[in-house]
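Report on the structure given below.
Order as written gives the chain letters A, B and C; numbering starts at 1 within each chain.
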Amino acid sequence: MSPDFLNFIETVLNGLMTGVMYALVALGFVLIFKASGIFNFAQGVMALFAALTLVGLQTGQMPFSHLINATFGTDIHHWGPGLPTILAILMTMAVMIVLAFTIEKVVLKHLVNQEPIILFMATIGLAYFLEGFGDLMWGADVKPLDVGLPTGGSFWLEDVTTSWATAGSEYYGMYIDTLDVSAAIIAIILVIALTIFSQYTATGRALRAVADDHQAALSVGISLRSIWVIVWSISGFVALVAGIMWGAKSGVQFSLSLIALKALPVLILGGFTSIPGAIVGGLIIGVGEKLAEAYIGPLVGGAVENWFAYMVALAFLLFRPQGLYGEKIIERI
Amino acid sequence: MLYRETGDFSSTYAADQQTFPIRSERYLFWTAMAFAFLVVPFLVNDYWEKSVLVPLLVWSMAALGLNILTGYCGQVSLGTGGFMAVGAYACYKLMTAFPEMNMFIVVVLSGGVTAFVGMLFGLPSLRIKGFYLAVATLAAQFFLVWIFNKVPWFYNNSASGQITAPERTIFGVAVTGASAPPWATYLFCLTLVFVFAWVARNLTRGQLGRSWMAIRDMDIAAEIIGVQPLKAKISAFAVSSFYIGVAGALYFSVWLGAAEPTEAFGIDKSFLVLFMVIIGGLGSILGSFLGAAFLTLMPVLLKNVMVGGMSWPTDLAAHIEIMLVGGLIVFFLIVEPHGLAQLWRLLKEKLRLWPFPY
Amino acid sequence: MNQHINPGSMRADDGIEKGGMLLHVDNISLSFGGVKAISDISFDIKKGEVRAIIGPNGAGKTSMLNVINGFYHPQEGTITFRGEKRRRMRPHRAAKQGIARTFQNIALFKGMSTLDNIMTGRMTLMHSNILAQALWVGPARNEELAHREAVERIIDFLEIEHIRKTPVGRLPYGLQKRVELGRALAADPALLLLDEPMAGMNLEEKEDMSRFVMDVNQQFGTTIALIEHDMGVVMDLSDRVVVLDYGQKIGDGTPDEVRNNQKVIDAYLGVAHD
């Protein structure tokens, strides 16, 4: 195979890996949207918050130490050596559940019958609040996150692919980050688990009932509010997974919350209510972005990734205002 | 059947359509304006100009613009930062290409260029609605900032990639550049904001404003009773972008003096202006000012209290500020979706009846 | 009287005599996916008459109005309004030609006052440019005041002076329906389409609304197409009635003719009706 073609394959593979990450965040969006019609802009910040909490617990950081020190003139930073990873992850999950509960109690309960766009803006406010809160609690510096997943390029893949290249060409193999590979595997497991959960458990069926018909679900005696808490907890869990993957890859930092912005075009492609849509959309955006960067980027000075996804979404919407899997909007009066 | 005499119509209805139908309110307004135009210029110093007054005026202008689009016409945009960048770069190109041009004209032309770009990016709104549209406007935000980074023509090939405002004068007094006196930059911005706030008021109380609100409240019914969606939406995008472009031009040339696109015109600016409009009051001219004032002054105040008063580090104050802003957005959306403007209206009603409720 | 509500109206003056044909609906068929909402329906509306359209729920009445004012585009058939034949048209064009309407489910602009809602009804009659509006100078200002005057007459006519400045979202249902009629009247319509204007009203409100509809027709000579379920109202108000059922036309004629039409009787007996 010619090196050009192998490079192309590498770009696509890397795009797929990035796409999986996007899909992971988009998945959190879809879950909440399906069950409550809320477009949760805070999903990205929830991932950041989860990752921050995880690192904090893992390293034994003192919450609010910055604030405490500033107020009392103390110099506290840690309360101990930190928790083992598994325990830290479980504790973080507990924190995300508490968070879901609080959000329902303080925010959602009061916005039940508002228009979607108002709810959307409320979640933007929520995102800001949570960002400030996370920073206040754990500090805003970039933190490395290590949960024991392998990182770095795969030498095996490099060797194998080098041997594929046409003899004599200067090709040194593909670079695929093993972390991306584990992320992809975990994402796939997560999707399967969620599907099983929603198909085969009572709670899952209740969730789908709500998604299909709020009125019907209520009449069966499912409390809408507990459903919301459950859904937000589940997307808190998805956020935690996404936070771990992104955090392990590029450190836990503010830019993590920006993946929420990238998840928006993913959702536009995939539709807001379709789990397969979120995944396909994520993959399309991931691959498209990487290909654009590799092949259009050099012609126009690079950084095409910054806007490519949004332009694709925009162009796409012009032809299908309801998204790839969304239902056709029929207007009536 | 007519309950008023025919001859009396125009005077009655004209009076009815005044901006401030209540006399005391009218006095209050003109007193405040007299103070702003005649007294403040003598008091203003560098700190007040750069940290409070000019920011307040610039953000008011931007909030007016976004409020026209989002508050009056119901089209949510997250592209405000990008459109401010268009205004800023148009301003820079005009300033450097026509050094003799009056700054008023430069700024207004910058608004015009932005209006045109805004119309282009507004076209999708004819098919795309709600938050689908909000996401589509992100394309404008990121694409515009990118293009100002990548095309050297926009920054006249400067090595740093920055744009820097040269000194420009009005009637011999500098309003841009390092040596511009605070009173002059303040008055320059104030005049523009005053005039365009009045224009915004006129547009929103007339037929165009009603067509925007009709589209906002129920677009299908609006079209059936004769509103042309194309005309209403595109005009809203154009007018809104004009204001945001003027704001961007002032932001760069008068306030910052130099700018670099990613930093100065990022998505956080889009959110900031959106928050101003929500907190101030969607669909209210006064609300645009209240929202801008609130979000400009609150950080200054917080900083003075927490950093100056309690000597906390600045980053801590910044975290608390973000938290507060986010919390307030949620608070207003829940408790008073019509924002500060509505609170003001309620307060007025209370005062008018005081001390006799009923 | 006409002059008072409709200052300077050009629309009344279309050269069609009272009793001449204002609107022809010819062989209209409309379906949504597989659902046939209207099949091959033809009827006409004469200038100056009240033409009732009746039929059970889902018969296709609202869809018919939507076709007439261009919101739905029928797969087959044509609409001829004032001698002008068309198939596809944007709703705002129909509004410009003088077709105004009210809606089965109130479609007012909730964030605006009664006055502003009715002022939007005059959308197609106001022409001052954006610059004049921005500066609030002569032409724009005068135009605004002249139309305000016309709108005030409608407000008086409908007896809603007291809620002039109230945001319509806060009004009770009956008054909202009245404001919606006002908005349609403000357009100075040549043809007024009313979709169940009395649905959900109590007896008193119904009587008021019937009176308004009758006055509009008799005093201003406005042609009206009226969808209504209350047979008493239909028999009282309308000159001619067209009956739809499952998208088909099953009757057409004077109220008496329709009442004695066997197909109509069957259709109505077959349906539980309120």
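In this section, a residue touches a chain if its C-beta (ideal position, glycine included) is under 8 Å from a C-beta of that chain, and two chains touch if they have at least 3 such contacts.
Quantities reported herein were computed from a predicted structural model and do not represent experimental measurements.
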Query raised in the report: Chain contact graph: line, ring, star, complete or other?
Result: complete
**Report entry** Contact-richer chain pair [A-B vs A-C]
**Finding:** A-B
Report task. Determine the chain that sits nearest the middle of the structure, using the mean of its CA atoms as its centre. Result -> B
Requested in this report: Averaged over CA atoms, how far is the centre of chain B from the centre of chain C? Could you give it in whole Å?
Outcome: 40
Query raised in the report: Quick one: chain A and chain B, Cα centre-to-centre, how many Å?
Result: 33
Report summary line: Expressed in whole Å, how far the mean CA point of chain A lies from that of chain C is 51
Report summary line: Shared-interface residues of chain B (touching two or more other chains) are 220-221, 224
Query raised in the report: What parts of chain A, by residue number, touch at least two of the other chains?
Result: 333
Report summary line: So chain C residues touching two or more other chains come to 71, 103, 107
**Report entry** List of chain C residues in touch with chain A within their complex
**Finding:** 32, 66, 71, 103, 105, 107
Report summary line: Seen from chain B, its contact residues with chain C in the complex are 1-4, 9-10, 13-14, 17, 199, 202-203, 206-208, 210-211, 213-214, 216-218, 220-229, 235, 283
Query raised in the report: Across the complex, what residues on chain A touch chain C?
Result: 330, 333
Query - Residues on chain C engaged by chain B in the complex (per definition of touch) - result: 4, 69, 71, 90-92, 94-96, 100-101, 103, 107-112, 116, 119-124, 126, 128, 130, 133-136, 140-141, 143-145, 148-149, 152-153, 156-157, 161, 183-184, 187
Report task. Please name which positions on chain B make contact with chain A in the complex. Result -> 76, 124, 127-132, 134-136, 138-139, 141-143, 145-146, 149-150, 220-221, 224, 267, 271, 274-275, 278, 310, 312-313, 315-316, 319-330, 333-334, 337
